[in-house]
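Some structures to go through are shown next.
What follows is chain A paired twice: with chain B in the first complex and chain C in the second.
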Partner chain A sequence: MRIAWWGLALLLCLQFPAAQAGDEERKLEAVFIGRFASYIEWPAKPRDRFVITLLDDNPFGSLLDDLYRDKRIHNKPIELRYATRLDQVGETDALFITLSSSAARAAAIDHAQRNGILTISEAKGFAESGGIIQLDFVEQKARIKINHAAALKSGLRIGAPLLSIATVLRGDKL
Partner chain B sequence: MFDRISIRYKLIVLLGLSAALALLISSVITIYSTYLSESRSSLRVLHQLTDVISENMRAALAFHDGESARTMLAALRADPHIQFAVVNDETGQPLAEYRAAAGQAAVAPLLEGVQARIRENADLLGREEGFVEHTDDETMTVLRPVFFEGKPIGLLAVVSDTRLMWAKIRELVLLQAATSVVTLLLLLFLSVKLQSVFTRPIMSLIHAMHEVARTKNYRVALESDRRDEFRDLHEGFNTMLADIRERDDLLSRLATTDALTGLANRRHAMEVLQTMAVRARRKAEPVGVIMLDIDAFKRVNDLHGHPVGDLVLQAVAQVLQASARDYDLVARLGGEEFLVVCDSGTLEVTTAVAERIRAGVEACPIEHDPGATLHVTVSLGVCAAVPPSAAGGVEKMIRAADKALYRAKEAGRNRYVVAQEEMG
Partner chain C sequence: MKPLHGTLLALAVAGQAAAADKAVKETNDYYQRPLEQLLRVETQAKAAVGSRGGARDALDAEVPIDIITAAQLQSTGQTELLRALAVLVPGFNAPRPSITDGTDHAPPFTLRGLNPDQVLVLVNGKRLHQSSLLHNNGTVGRGSSGVDLNTIPLRAIERVEVLRDGAAAQYGSDAIAGIINVILKGYGQHSQATVTYGRTGEGDGITRQATLFHSLPLAGDGFVNLSAEWRDRGATNRAGPDAGDGGRINAQFGDADTQDGLFALNAELPRGDATLYLHGLYNQRRSSAGAFYRTAGDARNIAAIYPDGFLPRIEPKILDFSATAGVRGVLDDGARWDLSYTHGHNDYHFYVNNSLNTSLGLATPTSFDSGATRYTQQILNADFSKKIGLHTVAGGYEFRQERYRIVKGDPASYMLGAADNFAYGAQGFPGFSPDNEVSASRRAHSLYGDLKYAISDHLMLDAAARAEHYSDFGSALNGKLALRYRATDDLLFRSSVSTGFRAPSLSQSHFSYTGTYRNSNDAAAQFWGNFAVDHPVARALGATDLKPEKSRHFTLGMVFQPSSQLTASADVFVTEIRDRILPTGYISAYSLSSLSPQAAAVLAQNNIDGAVYFTNAIATRTRGLDLRLDYCQELDNGARLKLVGAYQRSRTRITDVNQAPDVLGVNMTDLILDPFTKVLIEGSQPADAIKLWSKYSQGIYDAVLNLNRFGKFYSVSAYDRVSFAAKWTVDGEIAVRLKKDVTLALGGVNLLDVKPDKWGRTDDSLVGAGKVIQYSQYAPFGYNGAYYYVRVGVDF
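Showing the complex of A and B:
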């Protein structure tokens, strides 16, 4: 029993730095969502707010609310929405997808493409499956993968500076 | 030392020094202005480079993409003068760095310099359009903050060496030095040629002065076709020579003439008589000597005063000048005594002249007061002979004429007496 407790303590010690790194990455991820938007042009929409919607789980907690309160993107105040199902998404500009099912993600991507929505996810293979921006962290360094053809299909124009630092998938990878 | 050098070399030295000074000033100004313009130009290029990189670097900083940042900085190797570049994120931690291949060892001081400038200019680098530039002997640094959506997300620093600028300055200095040496040599050559424009008239004047001093000939006049100050110098010299001539003439006149009558004085008369005697002896010709004295002159002075006596002397002198031939010598020996020397004067000629004088004086009315005249007479002693060759021959003739004059006085005045036995 004593050995089991020691083992648990050791496991917690090993987990702690990893948890800290995870928090840091999450903060960066939250920041990056807004920064992506700065490099992207949407088709003109008659909305007076810039809407960011999280689909499915919210891994950020109150981080996004804290970060984007009273901030503006493209000179519009930011509105954060949290949806658990695709039919709750409604009109939005950016959609951060945390859906674990690839079929559900594909449906969300399809919805986004039809409605000119920027899709962002950290799911593996997201860009290859038609998502616009795939964001993941390798050794605490951000890796951005952009499906440019998908962006064009959605009617979005991505700025060259963002493309210059990202791994860009062209049309043949769709 | 400089005073001893000829004016010719002074001019060459002065022209050379003036040219050298002008070239030096012009070169220093040119080099300094080139340094300023090259320095500004190099800084401008560094600013442009920093602006372009910071613009491209924004996305890399925004997404903490160190690899992209390094790739962008790596493009700086195209410029061999960029020694070092660093991009810091918003926390001040380096995101990416570039070091020139050749300058690895010297990076530490460059980095320290950059960090020091960041610390010193924290306020300035917090503004969107803010920048810091720094130049020292070896490097130029430009620091520029990178902003994203109005917030600073990082800072870019680029450090360039100044070798290119100094290489251009060195080239210019060498070119300027070579040009200056060639120009100076050319100007010295020209100054050697041009100095004669100034020295030739001076040398000519000096030569003329030496010539005048040597020959004592003050009757020369210098010719000059110039129209500048040298003409004034020549004219001044000629005026001075004319003044000397005039003064010499006056002195000569004062030394040879009698001031009251204008006739030759005793000393000059003796000199001329000696000359005539020598010539006459050589040609075996006679010389006529007439000694004369105004009769009762003391009475004239006593009765009418000395001013009237002077008038009488002047009137007699005029009669003597009129009665003698052009080439005869008429002199006042002193008081009322006169001497007439007839060149080549035979006894016949001399007695004729003596008689003309006597008759002329007797017939000459002398107006001493308005409407009041007086007459005087003269007694004359005449001697005509080839002058004796022995020493004192002239004096003997004068003494003989003088004795004849006394005999004329004794014989009743107003007559001439020929000396004959006295010369024997």
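Showing the complex of A and C:
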């Protein structure tokens, strides 16, 4: 009987999903998504919720849901959506892209530009290839790279406080 | 439900809930901070070594890994990677050997009290070649060849990952004590130039170093990073008086006088889903150190040439380079692949100056080319990995080709002339003779696979296997099972069992270094020295082809991270190695009283006084404990405090002795395990070590304080074991940013000028209290005493 109880306890430990990703980089990334959005102005949209969509793998576990459950961006409650394919991405304000293929990322960027969506990714070369915000970690610190021209093309206006702390790509790298 | 069971369940549930609450609270805390502050948050370092599933931090690592950052390396004040790691990594031992021939100029290092060749060194995850030098004197690492870490420019390094576990099932030969993975600076780096000047408290050991690191960004976040370094480290001398020379100090016992030119390249060029990459290292070294002094009246001196005697100087020129070129990418389904080619080469060329060949009489030259050892390694590697849900499957193939050469010196460096029957060759370091020349090679094919299987969100199983076939000794199959149990978000339990091996190095199989003398003017020359295992004489004396050393490993540990600021870990380990390769003792009729008549006849028939060869000799067990604590705190005044504490204890014991060749008629203990060798293996390295590194940063100031405890060690004098007490040392550095991009640092290593215990009274003529050599070769922090430095760095 005692063994059964120990086994049950172990099973509970095994079955309870990890509530959060403990990784500090992930925590910061989760925070940055919403914080970036608060410095960006979208063309007026009739939605009553601010929608953040993750495209492809979800590396955050339940972290985003827990973090944004009681938050508001641009005075709207936040809705999180998870898509594994581009055609599953509906109307959204921000798209966090974890796709590993550059062609798939390019398609996502193209879709986002046509629909006024903020794109964020940690993929190398993301900003240069037309993504709006690239989030890197170099020597254990976050760095932000912004493609300003891509933002303008998507109809987004990025606030000065965000631009001032980022490496800003200008010109025609769309 | 019994109370205990209810409590257990409640604790399990509560533990999960508490961890989740903590993570949400920390993330919410980040959410409230200004963006600028978020960019200053320093995340935990991640390591890729030991896993084919990508980099992970301490709480995700299935094996213990230390991560040493570039900032930590720089803050040690050391100009060489070897010395910086000795300051920062517990269980990393790097004494300062002196008067040990080639070893003075490329000192060995060890992990966990094992041998230099039982550590695998990688650069950007690719195997780095070993030096061609075989440590052949009485130093730590005797009988082995290791990697020369000082060929890597310190400023080119982004971080060093030290995996403290056996990993031969993943990486192949040598990964027994652990792996050191040096990651070169990559994407997003700024350019930097530094100049450093330092000297010991006694005014010698003047070190001048100039470095330049330049990063050139390329399209698509590619980069070309170039590092160049010039390093001039002056000699130190802690020799005592020579009673046989009127009490004057005539020897040099200390660091060699060494000049290094170093160059490093690291480049990546992304193209779509593929990235071309290239990294390389180049090092040219000139070095000079003394042998023992030959006094005026010494039989090895020719007074007409050196009326006051002479100090032969061994002055090698060492060339070392490596390059890796490859391409890696990702397929549409997320599978990752990597193809690479690595070429590494080491040329250790011995020159001897201020010397003579006594046997050549007055016709002797005073400078000699004593020949060279060379080692070349080429590797073709193909890797793939794919994540399938929470699981990762990885595998690959590797082809490795090695070549080892011994090149003869000039004739005067090794010959026995007519003017003397005993003092042959260049005094200090007689050259390699034509008999010693060798060119040996081998090939190895390896297939390996790695499965990381998530049994649940909390329980991860890592299974790895690697099959290898070497053209010289045959095949090896090794495996590893590691279990990682994430009890809560704060707490990780981990354990691993694995097998491993170390292929006998080509230098151990083929090293040959013999000398000659005559018993009388009429007699034929007699030979003595080291014979390769395939030499007919060695064969006749029982030598066989060397087998690989085989190892078994067990680790059990835990990681506790109660907050993002604090991480603590504890790991115990056991490493068993059998068939460890050692040089035999001197096989001669007069040194081994029970030597068989048959063996004595072999020696006599071949005009050999005595012989040494390598053999698989003993089994050892190493047990130990690693404790580590990392703490980082952002203070209210904007300051940051970082603390890293580490304790390491390891103890190696000889557990078994192989049978000696029957032909010798002696047992292996008599043949190999003299007191010197036994103490070298079991006691010459500190049994424990404590490292306490701290850094306080505020505004334009950084202050670093570093406490080290080097544990007790043993050495041997006249067959008696002598103990040397543990010592504490203190290092410190103050750095101030004078302008935005200019930093001035002042610091000291071993500020309290602590020195190891000196030898006591001995019967030895050179080693002992008040004699030429006053300190043990094994002293883990050397015997230079305090060292002070100033460094200026400019970012651009």
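By definition in this document, the second predicted complex is superposed on the first by the 149 of 174 C-alpha atoms of A that agree within 3 Å, B and C clash if a C-alpha of one lies under 4 Å from a C-alpha of the other, contacts with A are read in each partner's own complex, and residues count from 1 in each chain.
Assume a contact is a pair of C-beta atoms (placed from the backbone, for glycine too) under 8 Å apart; a residue touches a chain by one contact, two chains touch by 3 or more.
Note that the structure is predicted; figures quoted are calculated from it, not measured.
Novice: Let me test your reading of the model: by the given contact rule, A:Ile165 touches which partner, first (chain B), second (chain C), both or neither?
Specialist: In the superposition, A:Ile165 touches chain B and chain C alike.
Novice: Answer with first, second, both or neither: which of chain B and chain C does A:Arg35 touch in the superposed model?
Specialist: Both partners, chain B and chain C.
Novice: Thinking of the overlay built on chain A, is A:Asp136 touched by chain B (first), by chain C (second), by both, or by neither?
Specialist: In the superposition, A:Asp136 contacts chain C only.
Novice: Touching A:Ile144 in the superposition: chain B (first), chain C (second), both, neither?
Specialist: In the superposed model, A:Ile144 contacts both chain B and chain C.
Novice: Which one hits more chain A residues, chain B or chain C?
Specialist: Chain A has more residues touched by C than by the other partner.
Novice: Let me test your reading of the model: by the given contact rule, A:Leu67 touches which partner, first (chain B), second (chain C), both or neither?
Specialist: Touch status of A:Leu67: second partner only.
Novice: Once the structures are superposed on A, label A:Glu25 by its partner contacts, choosing first (chain B), second (chain C), both or neither.
Specialist: The answer is second: A:Glu25 touches chain C but not chain B.
Novice: Just which bits of chain A does chain B share with chain C as contact spots?
Specialist: Common to the two interfaces on chain A: residues 28, 32, 35, 39, 141-142, 144, 161-162, 165.
Novice: Mind pulling up the chain A residues that touch chain B in the complex?
Specialist: The contact residues of chain A facing chain B are 28, 32, 35, 38-39, 141-142, 144, 159, 161-162, 164-165.
Novice: Touching residues of chain A toward chain C in the complex: what are they?
Specialist: Touch residues, chain A against chain C: 2, 5-6, 8-9, 12-25, 27-28, 30-32, 34-35, 39, 63, 66-67, 71, 100-104, 124-125, 128-129, 136-144, 161-162, 165.
Novice: For the complex, which residues does chain B have touching chain A?
Specialist: Interface residues on the chain B side: 55-56, 58-60, 62-68, 148-149.
Novice: Per the contact definition, I'd like the list of chain C residues that touch chain A in the complex.
Specialist: 2, 4-5, 8-9, 12-13, 15-17, 19-20, 23-24, 26-28, 30-31, 35-36, 38-46, 57, 59-60, 69-71, 158, 187-189, 219-221, 270, 272-273, 330-332, 334, 455-459, 485-487, 489-490, 561, 564
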